[in-house]
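Listed below are the structures to be examined.
Both of the next two complexes hold subunit A, though its partner changes from subunit B to subunit C.
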Partner chain A sequence: MSDPPASEAAPPAVPAPAEKKISPAELKKQKAAEKQARRAQQKAEPPAHQQQGPATKQKDSKQPPKDDRSRPLPVRRRASQSNVPVPKDVKKEPKKEVKQVGLFFSHLYSQPRQHSVVGASKDVHPAILALGLQYSSYVICGSTARMVAMLLAFKAVIESYQTPVGTSLARHLTSHHLSPQIDFLRSCRPLSISMGNAIRWLKDIIIKIDPSTPEAEAKREMLEEIDNFIRDRVTAAGQLISGYAVKKIEAGDVILTYGSSSIVEQSILRAHREGIPFSVIVVDSKPLFEGKQLSRKLANHGLKVRYYLITGASHAVKDATKVFLGAHAMMSNGRLYSRVGAALVSMLASSQSLPVIVLCESVKFTERVALDSIVGNEVAPAEELLSESEREALLPLKPLLPQSLRKGDEVEDTKPETGDVLKWIEGSENLQMLQVLYDVTPAEYIDMVITEYGSLPPSSVPVVHRLSTNT
Partner chain B sequence: MAQGAATVAPGLSSFLKSLRTTPVDPSVEHFTSLLKRRQIRNSRPCAIATVALLLRVVSEFKGRDAAKLVERIRQVGRRLISAQPRELVVGNMVRRVLGLVREVVDENLDAETNAASEGSHNQHSHHDSLTRPNLTSSISTFSPLKHAAAEPTDSNLSQSENMSESGELWRRPPLLTSHTSYAPASNAPLVHSLFGLFSQPETPSNSSTPTGHQSPDGKGMLTSLNLERLADLSRSKTTIDLRAEVMDGIRELQDELEQSDDLIAANALDHIHSNEIILTHTASTSVQKFLLAAARKRKFTVVHAETYPHDHTATHGILLTGKKRETQGDDEDDVWKPLTAAGIQVYAIPDSHVFAIMSRVNKVILATHTVLANGGLVAAAGAHMIAKAAKDHQTPVVVVSGVYKLSPVYPFDIEELIEYGDAGSVVPYEDGDFVEKVDVENPLYDYVPADLVDLYITNLGGHAPSYLYRIVADHYRSEDITL
Partner chain C sequence: MDLETPTAENPHGSPAPPAFDIVSTYRTILESDPDLTMPVAAIEALVEAIAHSTVSTVAETLDLLERHTAVLKKSIPNPISLSAGTDLFQRYLVTTLNRPASLNLGPDDDFRAIRNHLLSNGRLFVERAKASREKIASFGKHFIRDGATVLTNGGSRVVGALLRRAAESSHMRFRVIYVLSPSTSTDSREGHQIVADLRSHNVPVATIPDSAVAYSLGKVDMVIVGAEGVVENGGIISRMGTYQMGLLAKSKGKPFYVVAESHKFVRLYPLSQFDLPIEQKVLDFTVSVVDKGVSSEPNDEGIADMNAEEVRKCSGNTAQDSVDFTPPDLISGIITESGVLTPSAVSEELIKIWF
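And now, the complex of A and B:
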């Protein structure tokens, strides 16, 4: 552990002539480190992601305790890798923390999000690297989509995997090869519940592989298992759920949905194909505007769609007859963990006595419980909140800003840039923007949860969860 | 279109500037077009512009016939209201001015009758539901009529009143408080606004007002005292300058508009304690001043929902600069610092986060567009879900509003009160494909029913929502409810 920091610290201290003596490998390493440092400095956020390696490891070991025993002695190699850039980060961190006092979600602010492949462990498979960036930029968004994409990427990882001499696949693959991949994904965006469930399942599969099976066969089996998993738990489940959901849609209904859920979309389109005349209201919210994609798709299929933002939700609810919501996860106490704002919509709907129906595959069920949206949540970067056009609209305010915020810009008073707005907010001491991605809907707002096991009240969630994990 | 400077976008300030030079009729035209184009919007600018315009209407009114003046104001008022029926404040202001005129006329009548015969007075006022003389002296600053009503016949007296009023008339002891005979429920708050005694709009007024009047006990002496005095005054000068009286009253109304935020803010310390977490929304001057007043003494945390898509720019602006840019009319001298500069932690959140945060919030403070007589309110879209979420979390909801926003309208048709805005601010028109296929809707206002509100704070103090109808009754006269 102490070795890499020493080599990091050494090069700057060494006088110029001495630099030639460094071995080419070391020189290369040093240059890479320098480059990294430069990039890290350019980026506004602290590159603390590298620190995550060890930090998240601890959490990881807590989460699935069962595979601790299957982990032989991995510590040394991994630690040295993930720790390479640490010393630089330590310097930057305190500066950031002055502002980051987040009253509500301070406990969630620990991990800034990874937006580049820089600093990723070299074990990370290219497919995972690409996937991670798609996660962090919301290209792949939605808990089912993220899980499926992850499993597909894992297939690529497994395909290119070769068991090193002296270990067995069952023992080596999970802890040495998959873990760095998972860590990288986690550094890009915290894992979704469904991803956690899938990872747990996959690790279970790997452990169960008979060490005597030849590697090629074991790999083939695993790939098949993954395919089956996706087929059973996602595709077939989706078919079943949308089948149930379609029966709930009657002619003349106005289905209200919030954000975008693949399973809701599937159900609505299926009902539309079956010729049921109904219309849809999509309620959406900034900053992701997922509902826009959904409305566009539905409208392209010829459905009558109305589009509201969350501020108009109380108007939207008045015209609706049923509410269909997707889920990020269903908690064991019957609460729905979903895109932030879903709680508001279901609250308004249930106050209007509209049935609130949650469509959710059982793979998203979790044994976790939650009472409010604050303890467990995912904090997203606040700068996402201000879109480019909003920043532009704020630019004319510049002359009105308090002196303290303006002083930096006064010198080159050329033309204001939209990035400045973020600096104002960053600069103003007591102002913070806050963004979380999920909220928890109390069970009393939810009338029905439709899963592939059938339709049930939210109180039956733990039962179904046991059912789905035991089989 | 009269426009102050080329650089100034048409709006409140340009209108006020042009009002000085333009005659009334083009000004009315100008104002209606500004209203129609939403270049003057939101309650305060509308109220200021309406009152300024009516002042001008009255000042240019020729003749002494009060009925004609009332008709003239009504006619202007109807035009303004039909130009933008959802800015209820316009109607409120027109009604207040009409009430002023009626007050002055009633004063005059009473004075005359007093002068003529005191015996006939009772009957007269009874008949009219106008109980002038005994009440005049107890009218407060807040009711714009105070001035017009107080000793109308003596110009000197009214002059001095005028000077003192802006300052602290409301602290003036309610001398000759014959109003105490009035409904006991109204006592405390009505000390400030005794206007109600005159204006008793609803039908019961006819029966209820005179009761105090006729009561022979205690106050009877006061009343007669008062009457005597009035009679004296009226004798000294029987003709009354209707126009000047009304104009004075309108100026008082303007003062009320100006001061209401500060008077509301004076209540702040009664409602905000240290380390509270307060959730609010939109860029409201009243709320910001209210919070600032509390921030001088106490440290608390503000969570600010940004009210996307129609008010977010103003909201961010007010958080960053403490100023509202969109209201061009905001006086330049009226500069105050943003809350953050007062050492208050402010968290801006998107509207969707309201439910997630609500479990940590101690108090919700809502700004409002209009307050309705039933205790409900019309506020920026999103207010309903905030209030509902607060209710579900047992968090108290406080509405901050000047009395001028209080409208005598009952929300029989809620949809009628809701304005829908530009869909382009929800989905930009560049996204033509989307806009074409999907109905994009952008409601600007929400109706929040009275049962979701726990407390109203107006410039008269704090009230329960169920009490608002009384304040409405105090400020508008039944004759003017329908214009």
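And now, the complex of A and C:
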């Protein structure tokens, strides 16, 4: 894997500086020829090149793709207009892709997740540092909670912000002060759709500040705007949505939900407070087990809760009468982007012709579309898949390991450690763990989306998105 | 409490608004014009109510409207279709009253002028709603191809208008299979009328009972039905039996068109048949409560007959004017006066009105 891309990348790059002066048309021709040559080469040795496929393609397209996930492939930029010396890259590349990761999810492995504040830029505000670590350890989890926490941290950032001399607040704050914060948060965990929407909104607010406003006043305005945003788009929206959702819960219903969603929880509790007799089934899955907390909370409020793992979902749907799902995002083609497993649950439910109802604030709507769960997704560290006890259970299997993996350990041969299990997996050639966090549910499995604007069919998501962003 | 407030605030002793009988007004309007649908009649009655009242502020108008609407809704067994009209009117009022400047009344916001504007516009709305049926007919007749066989049901006037219009265009030959219930409700009476009308227009019509829908579907090219209300997800609420027609048509791959004026769009989102905001006693589970002392053969039969009689009386009464919900995935298109919509476009239209 490591060798072919380097040798393959070299030929197009070497002639480039020499032929700098030729016309664009000729350049184009040249590239076409190169492409053909490369294709032929690829055909000659197909298996080794599978992984390099997307990278070579990008080389040919003139503009660099906007998708920043493909950034770690340095091959692309060099080919089109390159002054970078080739040998340097050749050295770099083998280091980068020691092992082919993630099969067709490989494009999602942009950077390893940050678990500490080491290496963070000095511009990053302490509140953001703390928040980032809370993100990466799932202490703050769920797209609404993450967005609200981020906005609150930004409030702290803005409060302690002082415009440097010679710059204006509107320009400096967004591009120089806020972006390192956002970058740090992104390095801890990829931004959620709602966070992206909130950031876009906040930047818009900041840019629109009149430069003549005194700094103190501008800051106060911003803080107020953030408070209003949280109140309007989250708190009030949540109340409206739970109000609509409660109307859909009837006496005797069995509400099935998957994982844990704050808005579903709010709605269920509200219906319970209003005295509607119904019960709840929580379907959950590893590794986050978010449903455990939800079931415990609901049970503590006196609701009758049944807890299933996703392996029992087909039984769970047989007893349910309605399915309530939370959302990470609603795509513009009406698809639901939610915790991995939600698609499975909703498909099972609609095969039983149960109504599948998605509760989602309009701040989570996005103009993007998703056709599958592969192109856009979030890959979490794979080691989360194996809990500590599971790792321990695997330890006795050590003698069965292939020789190549065992060698290093046997030298020191102390008592086995659970961390070793991960090393075995990392070291093995044919096994890798994959943990994706989200999946996409096609619109035809969703009967209704409840937002603060009311209930809609999934096909109306773009209409409401337009509505909520324009006003 | 609601009833008292306006009178208390009216020191000049004008007649209290509730004195106006909205229900009887509604009934007379509905009876006076056979072409009128329920939502339009409701709007007309509400316009009438405002005209008769002495309201002088925006809040009072809305309050009055709300009260009358509630009374009206309570007075009839199935207010879904009616509420489409009242909601629409209320929405229209709210938007106009909140933006009096847009009415070009000049700087001085004279409420009387606003009210007059409302009244005239309300009447205009009613006129337009009446005209929409013809427009739908002109849109919809293109869906009927030469030589086609159309399956339809009930006594929907807009379907009748469409078929008549298609029959009047000379070059078209088509046949109609009409599902008619044998009962003597107003609905089936209207159905008979349409059948007679079509036959006089030289359109071959076959009438069949509900149970023969699946049987005749092989000969059918398209299904056209009317609707009482078009709900937010693009499904329709229509007379009992429409849902099964939709299911059958879908299973046989026949296009299923709905003809409805856009004032029948109602802000409602039923998830299933039993999620409608009305009480229907279609399913009435009973056991026979007879003393088992005598159990001779003829007697038994007699009991069975009596039971059957009872059931017929019971569910016959309710099933006649009961409705069912046809989900959007069974519907190929909704023909309205503003164009032919897919079911998913309904919610967009409703959002446009409400936001």
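Convention: the second predicted complex is superposed on the first by the 372 of 471 C-alpha atoms of A that agree within 3 Å, B and C clash if a C-alpha of one lies under 4 Å from a C-alpha of the other, contacts with A are read in each partner's own complex, and residues count from 1 in each chain.
As a convention for this text, a contact is a pair of C-beta atoms (placed from the backbone, for glycine too) under 8 Å apart; a residue touches a chain by one contact, two chains touch by 3 or more.
This is a predicted model, so every value here is computed, not measured.
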Combined model on subunit A: subunit C and subunit B, fit or clash: fit
Touched partner set for A:Ala393, first subunit B, second subunit C, both or neither: first
Contacts of A:Leu309 with subunit B and subunit C, given as first, second, both or neither: first
Touched partner set for A:Ile425, first subunit B, second subunit C, both or neither: first
First (subunit B), second (subunit C), both or neither touched by A:Ile207: neither
Touched partner set for A:Val340, first subunit B, second subunit C, both or neither: first
Subunit A residues touched - subunit C or subunit B, whichever exceeds: B
Shortest CA-CA distance in Å separating subunit B from subunit C in the superposed model: 18
Set intersection of subunit A contacts, subunit C complex versus subunit B complex: none
Subunit B contact footprint on subunit A (complex, rising order): 103-104, 282, 285-287, 292, 295-296, 299-300, 304-316, 339-341, 343-344, 347-348, 351, 372-374, 377, 385-386, 389-390, 393-394, 396-397, 400-402, 405, 424-425, 428-436, 438-441
Of subunit C, residues touching subunit A in the complex: 232-234, 267, 269, 271-272, 275, 328-329, 344, 347-348, 351, 354-355
List of subunit A residues in touch with subunit C within their complex: 248, 322, 355, 357, 444, 447-448, 453-457, 459-460, 463-464, 467
In the complex with subunit A, residue positions of subunit B that touch it: 277, 301, 303, 307-310, 312-313, 316-317, 319-323, 325, 337-341, 343-357, 359-360, 380-382, 384-385, 388-389, 392, 418, 426-428, 433-434, 437-443, 446
